[in-house]
Amino acid sequence: MSFLSIIDILGTFAFAVSGAFSAMEKKLDPFGVIILSFVTAIGGGTLRDLLIGDTPVRWLRSGTTTLVIIAAAIATMFFGKFLKRFSITLFLFDAFGLGLFTLIGVQKGLQLEFSPGICVALGTITGSFGGVIRDVLLNNVPLVFRKEIYASASILGGILYLLLLKVDMFSPFASIISIMFIVALRIIVVRYKLALPDMYRRE
Amino acid sequence: MSFLSIIDILGTFAFAVSGAFSAMEKKLDPFGVIILSFVTAIGGGTLRDLLIGDTPVRWLRSGTTTLVIIAAAIATMFFGKFLKRFSITLFLFDAFGLGLFTLIGVQKGLQLEFSPGICVALGTITGSFGGVIRDVLLNNVPLVFRKEIYASASILGGILYLLLLKVDMFSPFASIISIMFIVALRIIVVRYKLALPDMYRRE
Amino acid sequence: MSFLSIIDILGTFAFAVSGAFSAMEKKLDPFGVIILSFVTAIGGGTLRDLLIGDTPVRWLRSGTTTLVIIAAAIATMFFGKFLKRFSITLFLFDAFGLGLFTLIGVQKGLQLEFSPGICVALGTITGSFGGVIRDVLLNNVPLVFRKEIYASASILGGILYLLLLKVDMFSPFASIISIMFIVALRIIVVRYKLALPDMYRRE
């Protein structure tokens, strides 16, 4: 099993859990929870594959993805009941999903020899679109549009990865550093309530 | 004209009517009603075709679909005025659309020799996604996420169809039974307010 | 540089500005403004290209589009601050975007030798879908569903263009007339609060 497919499975798992928690917060029935896990976990990769024309999309061809998602959703429903508050766990799984899938997207772009800017864009789409669908379907304001630095974290992580490859770092190593960077940045940003400068203030 | 294309046209008609009723409930203008009929009727099949890479999508190649939709929308605007309450009629057309399109999706999967699980998933996507778009655009909570058994009905119907084929039932016959099963299940579920067990109750 | 690509760049610019204004109205941070400009400007063309199977979609292959969008977003953030009210400017840019992109879509359909009805539909999709995404993401009711004549303007403009070609008018000339027609129609409709006849009134 390749390094890349491990990252992919971890990302799928992380986003499936985040989708399940969001659905449980809104008290959907078990079936709704599974659908939301599914949509959150495959949303970003599916949009990316549609845009680059790589069809049939991946999860139609691989049973693993579907199994991981269903397992994640069921585990979340089972163990999630014991958690007092979903929000912190949900946030962490979302942050890991963002980091892992950003890297998957950037690497897909590199394989297809797109320009660096487009590779980073594909990373951001892969990393953030599943969460956008999750939030739109549940009538939440998408995380990506809230004040906190979200898509920016994905973009910076993508750029970091390309820079590390540029200085000839071994790719799996560069991946892990960039993923950790994105997760850490998300935690710091939310912990200290950082945001981009407000351009609407007028004295 | 093949059996499959008859089912397809009936499904298109049923969802177009359901889209038109939803739009009229929100008092959209005639043009908005036609757009919503269109989006509801082609939504599921379009997503399915995009996912499996079968493009240009079908309704771009066939004038029949467009004609059926416009006729359905106009008929609904004309006759719908005489109905006191839209909700029951809307519910029935939605149930038939779900049943008919689920079968179309499963059969498309079989043609492309996907695994049984993916065939059922394609059926559910084809059957339910048009309604999801309809509800999202009109700011309703998608039926698929409400407590009532909805996507589950589509999944069970898809499985039933595959089982009937397995025991060598003649395909059009198996189709009709499965479609009737889905419609009947939806009616029973809504009539008797059945739902999946609630996992949020805590004594 | 061809006549068509000039129209395309102008349309991209107009919709990017309209997306940026909408985002600023909702006080998104600078990054959110850029994302919304992007989604609004590429939404219609992307859906069209996905539907006809022309992938990888255009903006993945052309850096120009991305540059124009980012420039438009930054310019809007900079100069937009000096405007008292966004709504009129936003409306005008949206109207120009609708006109310009409708023509791009119709011409794409003609190139692929689709039937006239489908060419007009591709024009309407290209012209209006970016705005639909913009409005859905910001939780506004999509313009296309409001009472004012919007998609109808795009359809009429597309038909006008096909008619002008039919009488052998030089294509760039026919384009400019049709674009102006759509923009003018939008202005008149909004200025004089015109709408399609109301079918819900019952005495």
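Per-chain residue numbering starts at 1, and chain names A, B and C are given in the order in which the chains are listed.
Going forward, contacts are C-beta pairs under 8 Å (C-beta built on N, C-alpha and C of every residue); 3 or more make two chains touch, one makes a residue touch a chain.
These numbers come from a predicted model, not from an experiment.
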How big is the rotation, 0 to 180°, that puts the C-alpha atoms of chain B on those of chain C, in steps of 5?
120
Same residues or different residues where chain A meets chain C? The copies count as same if more than half of the interface numbers are shared.
different
As a quick test, compute the distance in whole Å between the mean CA positions of chain A and chain C.
30
Residues in chain C with touches to at least two other chains are numbered 50, 53, 136
Seen from chain A, its contact residues with chain C in the complex are 50-53, 112, 114-115, 117-118, 121-122, 136, 141-142, 144-145, 147, 149, 151-152, 195-200, 202
Chain B-facing residues of chain A, complex
24, 27-32, 35-36, 46, 50, 53, 55-57, 60, 63, 66, 77, 81, 136-137, 139
